[in-house]
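Look for subunit A in each of the two complexes below; its partner is subunit B in the first and subunit C in the second.
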Partner chain A sequence: MHGRVKVKSSAQQEEEKRKEREKKLKIYVAARDACFSKRKEGVWDDEALQLTQQLLSSNPDFATLWNYRREILMHLETVKDEDEVQKIYETELSFTESCLKMNPKSYGSWHHRGWVSARLPRPDWARELSLCDRCLSLDDRNFHCWDYRRMVVKMSGVPVDQELAFTDRLIGSNFSNYSSWHYRSTLLPLLHPGSPEPPSPCCEPPQSSPPPSPQTHSHRVCEEQLLKEYELVQNAFFTDPNDQSAWFYYRWLLGRAEREEMISCVYVSRDEERVAVVFSRPVNAQSVGLLLVLDGQPQRVEWRSVHPRFKHSPVWICDLPPGTINDISNEHNLTVHWTEKHTHRDCALYTGRNESWCRDTATDQELFRSELSVEKTSVLQSELQSVKQLQELEPLNKWCLLTIILLMRALDPLGYEKETLAHFQTLKEVDSVRAAYYSDLCSKFMIENTILKMEYAEVRVFSISDKNLTTLCHLDQLLLVTHINLSSNQLQRLPPQFAMLQCLEVLEADNNSIENLEGVYHLPRLEEVLLKNNKISTLADLQPLASCPKLKRLDLRGNPITQTTNVESELAELLPSVTDLLL
Partner chain B sequence: MGTQLKDVIIKPDAPSTLLLDKHADYIAAYGSKKDDYEYTLSEYLRMSGIYWGLTVMDLMDQLPRMNQQEITDFIKACQHECGGISASIGHDPHLLYTLSAVQILCLYESLDAIDVDKVVEYVKGLQQEDGSFAGDKWGEIDTRFSFCAVATLALLGKMDMINVDKAVEFVLSCMNFDGGFGCRPGSESHAGQIYCCTGFLSLTGQLHQLNADLLGWWLCERQLPSGGLNGRPEKLPDVCYSWWVLASLKIIGRIHWIDKAKLRMFILACQDEETGGFADRPGDMVDPFHTLFGVAGLSLLGDERVKAVNPVLCMPEDVLQRIGLQPDLLS
Partner chain C sequence: MAAEDLPSEFDVVILGTGLAESVVAAACSRVGQRVLHLDRRSYYASNWASFTFNGLLTWIQQLQEESQPKEVPDWSSQLEEGEELIYLSSSDSSASICNLQVFCYTSEEDEEEQAPDTTEEETVRAADEDAVQEVSEAESAETREEEERRGADKGQAAQTAGEEPEAESHPHAAPSQSEPAKKKLSYAQLVKEGRRFNIDLVSKLMYSRGSLVDLLIKSNVSRYAEFKNVTRILTYRHGNVEQVPCSRADVFASRQLSVVEKRKLMRFLTSCVEETEEQTAYNGRPYLDFLCDQQLGENLQHFVLHSIAMVTADTPTEEGLASTRQFLRCLGRYGNTPFLFPVYGLGEIPQCFCRMCAVFGGIYCLRHSVHCLLVDKHTNRCKAVIDSRGQRISCSHFVAEASYVGAERKKVATPTRFLSRAVLITDSSVLASDSEQQVSVVTVPPIAAGCPAVKMVELCPSTMTCIPGTYLVHLTCQSIGSAYQDLSPLVTRMFRTVESHDKAETRPAVLWCLYFNMADGSGTEVEGHDLPSNVYVCSGPDGSLGHEHTIKQAEFIFHKILPDEEFCPPAPNPEDIIYDGETTAATGDTQEEEQSPQKQEEEEEETKEEEHLQTEE
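This part shows the complex of A and B:
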């Protein structure tokens, strides 16, 4: 029951209502039972149509009665000639129309109308389209009607540009119409498809296409049209800066397509005789047909994700057969083939080297920036200027603030870092119910910036202390990092994804609120873990560390666990490799 | 033409504590007014109605107050030759009610009351070439039915009986620009549908296919100043949407993106202090549907007076532990 206000009534009114309901119940039950018994007897006559019509008019969600009607109609099809059938179905359309007038959100009525339309000997799709127009003019958010419209459009081949013009009209008369913006997002990529990225040198184009959805490449919009859309959206949010529809749409326009499926990194370690592979998105390496070739010889290896929690992961590892690459005077050539996607990546391990890798970096791929071509980014610059103008008029408008942040990131994530942080601060104040969302988003952007800085500096140290981090992400980008500094943030856990840092030697995470170390799991080179002033309270919290064979130094000062009895001896038993324990 | 924010105002005297006893009495009495006009009108969804009532009773640890024998016999009588189960006697079978029936029988540990193999055949038979599921033989396609199909099979431990890859492909083809999902490819995002699709992806082990940050943003933007959540932009808050949004956020590991204390206040304000039960909004008429989703929402928010609820199947966690079913959640 939706939207039925509870009203107080007197005892006398109650009694009258009760009597009225009793009467209605009798009529209803009689009609229902008559329908059921007729159907049981296999009667498909006019009276049955009458009875079901009577019941469905007041209760269109009674699905079984629609089914009975369809049985009757299908029977009539076999005994009447085409003109009669046409007439019967046209009457049926009038009936569903009257049902829809009374209850425009009934699944049953809409489905039945679609069923009838599809069976009509001479369908009149133009009439159906105008029914949709009328219905949407009464409620432009009725998703049943929108869906029916899409069916009609498909059945009758209405051109995409005509439908786009329809959304132009609706948006023009009322910008605040999420349904229309949504419809646009499905139409534009059909009318103005974005050109696929040129395949990177080591990858052949993928053979199978991903399922179509606006998230994937095949459903992005070409640059020229994107620029026009920016203008339309700007009109919308200048007209009504508090209407969320246009802002949601704008964020989509500013977004990036999902990355092509590829192997973005292959890493090999001589000491550990181990290979790690990073994919551009989570996969299940055990089932995607991964082939490892070492010096021309296919190898039989077992792929495992970095943590048992992940059946799909961007990072997978395998051990090479013992003795295959451990002689430092030998050079080796390694290729990982992703047979399903017809792509591969090579990696050479030279004489005298202990490890090697081959990869596309976040900077190569401009992962964290706009997708526009260089000459068109000036458009973003002017977009930023106008949104900033709006912000001057509406300094506390959260949509405006968030959009400024997104534009700044699309343009120059590092250059605008300071301003971005200030805007996040304001956002958390003006939209405090979503403060945790903004904190996590800000953490993500700070991590992206730190990845960029690290890669420009060509180092393997990832340092992001004192940045109010509340969450960790992009850890697949940190496979090669040997030293991470997360000190003085607000982290509560090192999640399973943390196990992607396969080269990690030193972990600094003092002064957080960490109570869970699930992701410090099977890190083969980890030697030092600094966790001063966190919330580690039980031995069980430290259990994952026992899977890191080289752990020598552990700082737990200022954690609740240090207050428990026998902690030192229990730790010695749990972590026998640790020689330097600070409590 | 500025938009006015649609929301409700919670009155200062609105209920602010959980009235468990009243709700249990309300549900226990609900099934006894079988001669009521409104009750009769809702016969077409009776099986789901029973599932809502029993689940909320179990969450409140009051399941023994319901008539197990009567209900199991009723379900038995609602299974058809094709294997499907109908909302009530005399009605046609449908995936919606097949799932509700299986959920009820899981609560009661009495799946043997029905022919399980036939249920599996029925579900399997409704899968279409493109991977989607029809709700019944009349062919309505909806991602809700994809969820019903895999939830039914997951509870029966028979997921491998359908083409899971194809089913996943279809659901993913319904993903939208905002990261959400609608009824069919091209349909607008809607919190109820998002719940079905995230639940579906959880049960099929495919949550990594979501754009969780984008979807999570859309979902947390459903929270209005009253604390309640709506199901789509520019709509009023509602207890049932509060559940669908909240459960979806839980599934994608982002439940902390909304203000839990404010949502709790809103849900509590939707209680009827006189009759027991929850309404969609403060001051409206109560019903078992919103009563379940009110209590289940409070459970997800961590209320210790109700049992823990599973966000994917909207069933008590202890029941799922008994069956050995632990759907994935993103961390």
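This part shows the complex of A and C:
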């Protein structure tokens, strides 16, 4: 007959559990001590393997024990034949597998598995791949597994198209998975290269050289595939517009190759006997093999960045030996070689001219669109249409608004300026915690637009007043500017980059919140600085101005500093060249 | 054990092993009540049962045979002072099952043996008194084939007699049907492999956050069963079967929706989760109106109304939204759809609860019933019952499935409603896909005005309910006519039977099918009948897709019996259970502890076996 069921009381259970735990701990500590002493004695035997296995199965994150284990295994490799080693390592694999079941995110277990796999005489990569797939199906964001999987794929030469199909599958089951999208972005350029250069083979034979690394390879994807990707990713962000992984991937899709590395401008000034060079990206000119050739003669010159703060900078200057070019009746030919990149730029200083420069023409098209591709305009236009459609349904979605702004900039930055500003306004409202980021981004775009307008007008005046600027950027593009007007913005400082404005004569920056003038540093031609209604409060704030030899006029009206006593005399001492001081 | 008498005293006697009764049994036993659980049938789970193919054929046969109520002996001699007798209904499930019709569309034997391919059709109406007589008269130990032939003959006879007008429109047998590609499974093969089918009498699914799943988890009964996800939701629309995108991954992957539709659908589904003023403004108005005003477009309206909310066009908005919310709440807990299905069929679930009851000491007897109740005239409480062997068993509470209670004692306001059911064995899925192992729900809106909406569940072999190469399809709707009248037009449209001619090649072929009506349990009340106050009536299966009604009812009954006890608290781990004869001294000895639950389960199995063997008389 069935009896009544009795259940143990909870106190009884607790007591049992406690005893159990105590027992376990005792065993663990004893085994650990035994392991350590064996290692100290340099014993590499089976018993040590047993002990570490026992410990690691209960605590797979004990790195020292994994190390000890590897020492033992490496020793065994030297004394056993290949078949035995194979067997030992296969046991090792099933052991790490059991550890991973305990903790699928254990650094130690994954690392050890990678180590073993790489040393296995006859590896079974198919099994490793299926292990990864199993693991990722349980947690598709386990980055340990992603890392390990990449290693397996690399070692076993899995065809790229198969890997792409793998990302299809993962994205299909859950598209909020940036790991999968990102993996796609590394595979697509290999499978569907966009550049005219010969397509790389889809499948790298396992023994051949490693697959083309992203550095040596174009990041672009052919247009046909791009259209498919646009569709896929649109499905994702229309389904869930708040999921950022799809948007990030979309931005990558819309992006284009980095700009060509080159010397974008060489400027030479007869008066100052100085050469300035602008690079397409920040470099350290002291170490990139920069060579200045003047009238066929290599010159030994000292390159320096415009501000001591910069080790890397897009703008570098050097002084020529005194007397080399100061005779206005001489013509000089200058070449700057960037030997590391096998590129150079020439510049001629003609008779009767005080300065000269040589730079890229038609920079307007190329200059600021590196964020988005200049794929066919029609493609971008239709992308803009679909994202606008989404925006109608989701007027307050920040990702959508931001993408519209980017697309508009890629299409026609000046034509869409008004709409862009309106979208920025909405963005700041719906995503107020990032308002400052949007302000900075907007400032950047406004500066880009102003630079474009200046280029079209072919003037050396840069005027961007009353645009709510919160930050300054692209200052390397303003090397030739003589007159800058930054009035009525929200700037708080003139950053060190400001020192790139090597030709600047007049600085207008009234009605901002500037309290720091760090960037007004060694500007050889600066004569006038207008800083009415800013937040300059101490004499130290004005210290950088002392490095500008030609400064004559300084307007400090409406600044806190005017309230300090003896300000006038102290200023005269600090800035002896200033003759016209407004307080 | 078979010959032994049962103990003469229990706390609760429960009659019928359907889901509600089994849950009550488990719940009572779990909190220490002495439970006697009986079923007059030879199988567990009453109308919730699952059968092998052969078991189902036997079930059909029994229903057709069973006719005259057996003479119930007069037990008045057992009466004590101040007691009166209430006789229970003695007829079996014939009251709850009717209109059985069986059709076989596949060849009798393997095709090599019997060419050209012929299609047999058998038509039997259990409700038809004459037919039933005819069958039961001629019944003996004949072979299955002979039965079949007779069944077919009878069907033909019925046709000529004009008793079944709807059957006349169908050709009796197509002389030959070319089958070039795939060889059809023959009837003989179905019978031969019949053991591997698990065919449910009711077709339901488990909402993954529904009360049944919650109860299974809470009570630890879930450990006795395995479950599979329903993998997709389909709908029948414009003559085609389409997949309904309902989860985020589905919407993302759907090819039939435009990106704008995707957004609209996702936004609608997200907005549904919270109740808003906009929604309450539609209370009382049809859900369809609300959906129209959401500017979803026709596609999405169909999906939301029929496949997600699973309601009709005139359902009030608040109800439609509630169903939509339930659907959404259940999404993503276990998979891409809100539903689970128990491996080996739904019949497993009542048995799992019975098992839990048995683990805690409940006693089980099949083919064993209660003939009458002994009622104290003064208190109007049931004091004891007299079982089918004439033993008097005293009890404090009595629970019975509705079919055990005579109609004259039941309070039924409206005439009993029925469900129409069809069970099909087909050769392929209604919607082919990459994977053959899909478990699908198909929602079919009314195909014409006045027709019922049909819920269809298609099970693949990996659910262990049918054999490889076949699919098991369950159709359920509220009855308007007989099951055949209600469901066969849809079957003809969606599948290939003898009746369908045009363009049918791409559709799945029906190998065998069964139509029947089952009483809809949703109308039965627990109380309020002409019965003693400590007697509770459990309803049979209802027509809804989930189990909410039944679980609610079981909990209600439990609290009536034991108002102060917890309903199905978690069962302790096997290692924490101390069994009789085992002293607490054994705690230190882990090995023995680990073995004991197994032993117990073995014992339990044995007991069950014994109970199976127990026979009446």
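In this section, the second predicted complex is superposed on the first by the 498 of 583 C-alpha atoms of A that agree within 3 Å, B and C clash if a C-alpha of one lies under 4 Å from a C-alpha of the other, contacts with A are read in each partner's own complex, and residues count from 1 in each chain.
We adopt the following convention: contacts are C-beta pairs under 8 Å (C-beta built on N, C-alpha and C of every residue); 3 or more make two chains touch, one makes a residue touch a chain.
Just so you know, these numbers come straight off a predicted model, no measurement behind them.
Chemist: A:Leu25 contacts which: subunit B (first), subunit C (second), both, neither?
Modeler: first
Chemist: Mind telling me which of the two, subunit B or subunit C, contacts the most residues of subunit A?
Modeler: Looking at subunit B versus subunit C, the one contacting more residues of subunit A is B.
Chemist: Considering only touches as defined above, state whether A:Leu291 meets subunit B (first), subunit C (second), both or neither.
Modeler: In the superposition, A:Leu291 contacts neither subunit B nor subunit C.
Chemist: When the two structures are overlaid on chain A, which partner does A:Phe175 contact: first (subunit B), second (subunit C), both, or neither?
Modeler: The answer is both, since A:Phe175 touches subunit B and subunit C.
Chemist: Does the superposition put A:Phe36 against subunit B (first), subunit C (second), both, or neither?
Modeler: In the superposition, A:Phe36 touches subunit B alone.
Chemist: So in the superposed three-chain picture, is A:Leu396 touching just subunit B, just subunit C, both, or none of them (first/second/both/neither)?
Modeler: In the superposition, A:Leu396 touches no partner, neither subunit B nor subunit C.
Chemist: So, does A:Thr239 touch the first partner subunit B, the second partner subunit C, both, or neither?
Modeler: In the superposition, A:Thr239 touches subunit B and subunit C alike.
Chemist: Taking the superposition as given, does A:Lys8 touch the first partner, subunit B, the second, subunit C, both, or neither?
Modeler: In the superposition, A:Lys8 contacts subunit C only.
Chemist: Which partner chains sit in contact with A:Arg70 here, subunit B, subunit C, both or neither? Use first/second/both/neither.
Modeler: First partner only.
Chemist: Between subunit B (first) and subunit C (second), which, if any, makes contact with A:Pro496: first, second, both or neither?
Modeler: first
Chemist: Which parts of subunit A are touched by subunit B and by subunit C alike?
Modeler: 2-6, 174-175, 239-240
Chemist: Spell out the part of subunit A that touches subunit C in their complex, as residue ranges.
Modeler: 2-8, 12-13, 16, 172-175, 234-236, 238-241, 386, 389-390, 393-394
Chemist: What residues on subunit B touch subunit A, complex-wise?
Modeler: Listed in rising order, the residues are 1-3, 5, 35-38, 40-41, 43-45, 86, 90-92, 94, 136, 138-140, 169, 172-179, 182-190, 205-206, 208, 211, 213-214, 216-218, 220-221, 223, 225, 227, 232-235, 238, 254, 256-259, 262, 272, 279-281, 283-285, 287, 289-290, 331.
Chemist: Can you list the subunit C residues touching subunit A in their complex?
Modeler: It comes out as residues 32, 248-249, 251-253, 259-260, 262-264, 266-267, 358-363, 572, 576-581, 584, 587, 607.
Chemist: Mind pulling up the subunit A residues that touch subunit B in the complex?
Modeler: The contact residues of subunit A facing subunit B are 1-6, 21-22, 24-25, 28-29, 36, 59, 61-64, 66-67, 70, 107, 111, 115, 141, 143, 146-147, 150, 174-176, 178-179, 182-183, 185-186, 211-215, 239-240, 242-245, 248-249, 252, 255, 281-282, 309, 311-312, 432-434, 436-437, 440-441, 444, 495-497.
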